[in-house]
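Shared chain: chain A. Partners: chain B in the first complex, chain C in the second.
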Partner chain A sequence: MKQDLQTQLVRELVIESLEGLDSFDSFLLAVEKGGYSDELLNNAFRVIHTIKGSSGCLGLASIEHLAHAGENLMAQVRDGKTSVSGELTSVLFRYSDALRAMLRELEEFGEVRSHSDQGLIESLQAAQVNADALEDSAFGFFEPVEVLPVPRVPQDEPPIRTEAVTPQAKESSPASKAASESVIRVDIGQIDKVMNLVGELVLARNQIVQFSNQYSDPALGNAVQRVNLITTELQENVMKTRMQPIESVWSKFPRIVRDLCHELGKDALLQMEGQEVELDRTIIEAIKDPLTHIVRNAVDHGIESAEKRALSGKPAQGTIRLRAYHEGGQVNIEISDDGKGIDPDRLLRKAVQRGLISPEQSQRMSEREIKNLIFLPGFSTADAVTNVSGRGVGMDVVKTNIEKIGGSVEIQSQRGLGTVFRLKIPLTLAIIPALLVTSGGDRYAIPQASLLELVRIEGDQVAQAVEFIHSTPVFRLRGKLLPLVDLNQELELGGEREPGAPIFLVVLQAEGKHFGLMVDAVNDTEEIVVKPLGRELSGLPVYAGATIMGDGHVALILDVLGIARRAGILTDNEHSDSRVTKESTTADETAETASLLLVEVERMRFAIPLSNIARLEEIPAKHVENTPEGRAVRYRGQIMPLIGVASALGLDTNLRDNRPDPFQVVVCREGDRNFGLVIDTIEDIVHTELHARTESGQPGIEANYILQDRVTSLMDVEQLIRQTRTTARKAA
Partner chain B sequence: MMQLCTFRIGADLYGIDVLSVQEVVREQEVTRVPLAPAGIHGLMNLRGSIVSTIDMRQRMRLQPFAKGEPHSNVIVQAGNGIAGLMVDQIGEVLSPDEDRFETPPASLRREVRELITGVAKLDGDLLLVLDPKRVVLENVADR
Partner chain C sequence: MRKMISVTLRGAGYDVMEASDGMEAAAILKTTVVDLIVSDINMPRMNGIDLTRQVRSGGINKSTPILLLTTESSPEMKNQGREAGATAWIVKPFQPDQLAGVVGQVLSRTKRL
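This part shows the complex of A and B:
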């Protein structure tokens, strides 16, 4: 019994002391910034004093000794007898770390193993003004609580409580005193137990609601309704208890940034916005390391040295900004810096150098794809992998860890200006709204967070609705091409679909890309309790967990990202291009095969190779703006020039003034820019052999073919774009 | 003396430490897990917990249980893992004498030998003692 009490008291001591040391550090950081409040100062002294007192009472001699060594100095600082200088704060930081190290040992091993750093103690004593004068005058400031060197038997009343009645307590502001009285400490395990029980209650509630729908008894209906409401509220409130403000993760960062800056000879200011944003405890745990890594990276690789910054006209002090906010049912966390940004060329070179991509691939990558190279395993562009952030952790681990909890990471960067990391993470993992679907005879749950919309294609449209590009089924959803994934196929569920039967598409998004998941039937949405899969199954990337449905059956929860990856939706453009070349080389020698978009312009038929096409868009006329180089539109943060195919090809454009609104635009990519080809109507997508080729002298046209019984001109998109830009420049 | 919960897998008699056995349940509704490693039959709902069921016949390289074929589930706990073992008939709880135990004969099939800790010679039968940890925690995808 006594042993248990001792263990518990020691645990409490460690927790409270570590927290206290965090606020001690806050004081030192404030000093370094040039200003600190009396409250911070008094608090800092109190922290050391408390550690000394409580460790003494619990017989922890070495901690008490070390705390005592710094207490005198802190008393002097508090009384204004010693002024805080840069040197002093350095010593005090070391002091804080030394205490922390001892507390950690205590936590891990149950005892303190290392000896006090004698050099540190001497530094502390040297910093004191006058050791002799101190003993007399300072005595009155100390607490009447005496600390005996002999280890004591712990008293029934934890000694820490006696602090509350000392004069020190009067100095704390009324607000903080009231706050500490209305807050209690609860063991995390206890909260988790309650959370589990609430989860079970939610399941049972779902079952009751389902069964009661079969009966029309009003009394039963009322009771079930009440249980329903109460359970929902209970669930919300219990989840709230597990929510912690993100500040609990961020609070360590100022110190980390400061230490790193000192180590690397840089200067950076850490700004925080949105510290009060709350996340479930499990998520906080999961993002701690990734966030720390990104912040360290920002100082290490992002912020330049003061000299370099001066050369670029930047202020000597860099800024790192942490920002958290709610958006769309998720929490967004942004870590931005005004450092040197990501250099895409350098990235490409390193990637090719390390054999991660081929030189050809490096030519064709979009900006976004280049930046995502950072997430490849084993990638670090630091010329010397510093001890600081490259400890074999790596950005790939960051990405994996964030994705494991159902979140995503995005990078935005501009060379010379800075970088922004944007993390999107779900609010909680335990209970999520999900869409239930049936496929292959089994039911599956799809997290609503990834769900965009549902599409049902009826009988007569079925035959034409699904088109094929490289044997990948696609569906044209409001003019945009949506790749399709057949769930029955991906999970190898077997079962043929009846031709003509309605098709159900669940439109999902993964890493910003949309795709449609074909299922047999769509059921309803439900709140489900997420249960992790056992070890044997957790390795399967297509499942995010399992749940128990209202009727007691187990249903698997699909991992949208895992399915997208498995189906090949997330491969980069160059892979699909290589497939094109492979197929065309193995095709019949006498005829070329191509995948083409057929369009009408001025009543003439044109074909545009699908490999050139990024998207099909409809743009309202009012969004089209005039620039000196021609017409353009704002598209995805860029200015996209619009090329009127008709005028570019010198066609008779008597319809120009009656152009249909909205503009039908085929978005093509050249290098890292988008160009919009304006056409009249989109006719079809074909995957076909090209016959009867006749050369064309027309610039912008590669050749003429007969397709679907019409003369079709195959556009040379690159030439068309180049030609238009040259004309524009000439005109200007 | 160890108490063993015994059961048949195919024609062979197996036993597992009673202390690792949480319970024995009848046939349950099992949800299949597409793409799961071989041997994982599916998932079942055990009073709110989701438990993987392992087709022990398949694990021992025998003819797997057909749909609807009668069987029992031995719910085994080992380490942090819990799993349901699909077996044929459940036998009695036995406590064979120490002197009955022998080292596993070399003639045993590999998939059997890697899961058992010992063999007990009973009258007219050979009792193969399973290691609960290995059965539950090992990746059954040893195709």
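This part shows the complex of A and C:
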């Protein structure tokens, strides 16, 4: 029993102290930035004081010993006898790391195995004003040494220390008590158990609800309704207890950025927005390493040295921004830097050099494909391997880890201006929204996260809808070739489709590649409770789990990635039996052929690449509103800025009054925002080869071509959007 | 004191040569290369600080690590020891196994450098 208590106390000490050290670090970071509040200082002191006190009580001599050395120094800082600055913060950072390392050992092994760093203790003492008054070491080297363990200190130690500890240890308990009154710590396993039970309850509830529909007793109906509501509320609240603010991951980053900057001689400021956004703790765990990797990369590869920044007219201090926000039941995390961006030529060179792609392939790649090269295993642009980066293990792992939890990574980069990584992360893994489909007589659930759209083909179109390229079925979806996978075939469910019957396509996305899954019927969307598969089935890559539906039947959850791999949509490096991808990507992503929307503005012919376009809309003039940033319209719950192509390109706008109502709007997607390009008329969609290119000096126009015997200007949509946004911002 | 040290260190597997004071030690150190010198500060005829200075001034043990035994870890002692060129110090009294640990530390550190 006594042993249990000791173990429990030690665990509490570890948790409390590790948290405390994080706030100790934030004090140090504040010092480095040039200002700290008394509150931060007092807090930092209290942290150290508590660690010393509690570890003393529990007989953890080496932790107490080290903590004590820093406490004296912090006491002097607090009393204004010493000032913290410059070198001292580095010593204190080391001090906090050393304490952390000991605590981790304690957590892992139940005892502290390494010993206090005597050199560190000496440095701490050297920084004190009246070192003699506080002398307490029994052994040391004459000059401070970097890392040197000292023999384990026996329990019966020089009397000075023992005396000093006892009274302080008593003082330390009220400080920790204040927090414990409103917060309790619960074992995570306990919460997982409750979560599981709630999952079962949700399923049982679903069954009861369905069952009760067969009876018309109003009393039963009421009771079921209550059970229903309470279950939902219970589920939400239990989910909430599992939620942690993303800050718990981010709080480590200021320190990481600082250390890296020191190491690399760079200067960067870390801004954070949305720290309070909460995620399930399993997800927090899963994104910790990928995020850290991206942030380290941003400092190492992104931010340039101060001199280089000055040359390109940027402020000497680089900025790294972390932003988290909710969108559509997911959390988006953006990591952006204002560094040098990604140089596509260099990426290509390195990829060819490392034999990841052939030189011929490199000629044909689109910009997006080039940027995605960094996600290839074994890719690195670093010329030399440093301990920061350059080993080429990294971005591919980041991508797989994020995809493992149903998230996605997107990268945007502009040479010279910076890079943005956008992570889409599900809120939780335990209960997810899913689309239910039927195929071969069974129902399957498809996680909404990988779902793009549903297509139903019926009537005359059925016969021509599916075309074959090298015996692989494809479907033309808005000018793009979409490879098709028949779920019945993939799962070997049998059952031929009747000719002429409607075809249901579920358009899915796996690792950035789109494909259509043919199913027999699309049923409904539902929140499902994810259950792991039994051991017999868990080896099957096409299933991600199972769920129990309202009627008590089991539905298997499809693993979209697994299906794509199995069907050969995704090409692993080892598996070059790509039946589909080569044909479909080369067909519309190389420079020679393009799918274009032809439009007319001010009697001039323009072409917009279909890949930029999300939708075509007609918007009545009365829906258009004016904002300080220009005209905009409410569109799918967002504010969509409208960009008049005529005025953006500086065309003659005499004809403005004759503009037809409704407006013809081409909705383009840039990142996570929609933009509407206002044009006069839509003429045609063509899949064509581009010849007779003439370069254009006009911003917003990529080049001029002759198409269907007319001069046609190919719009550079991204540039057009950027340009209008900057002018709008200036105007505002 | 000297007996305790030599017994402890022999017990820990070291070969130990003893000297009764600084002069005697200096004489031995002129002719014998050792891995470590353990010396008290307070000794008759030649104290530990002077011994350290002499060893560091030249000869075959010029860079041998020196561990000083001291009764107090005052800044004065540290200054003197550092100036003389000693490597490390340990406060008396200490437990035998503590000394063995310290000797191990000093030796391993010197090897690493």
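General remarks:
One rule holds for everything that comes next: the second predicted complex is superposed on the first by the 443 of 732 C-alpha atoms of A that agree within 3 Å, B and C clash if a C-alpha of one lies under 4 Å from a C-alpha of the other, contacts with A are read in each partner's own complex, and residues count from 1 in each chain.
Everything below uses one rule, namely that a residue touches a chain if its C-beta (ideal position, glycine included) is under 8 Å from a C-beta of that chain, and two chains touch if they have at least 3 such contacts.
Owing to the predicted nature of the structure, the values given are computational and were not obtained by experimental measurement.
By the document's definition of touching, of the two partners only chain B reaches A:E492; chain C does not.
By the touch criterion stated above, A:E200 is placed in contact with chain B alone, chain C being left untouched. Within the superposed three-chain model, A:R422 lies out of touch with both chain B and chain C [touch as defined at top].
By the touch criterion stated above, A:R605 is placed in contact with neither chain B nor chain C.
Contacts of A:R565 after superposition on the shared chain: neither chain B nor chain C is touched.
The contact sets of chain A with chain B and with chain C never meet. On the chain B side of its complex with chain A, the touching residues are 29-37, 40, 42-45, 48-52, 81-83, 137, 139-140.
By the touch criterion stated above, chain C contacts chain A in their complex at residues 73-75, 78, 81-82, 86-91, 94-95, 97-98, 101-102, 104-106, 109. The touching residues of chain A, when paired with chain C in their complex, are 131-132, 135, 137-143, 145, 148-152, 154, 158.
Considering their complex, residues 200, 203, 440, 442, 491-493, 531, 533-537, 540, 542-543, 546, 548, 552-556 of chain A touch chain B.
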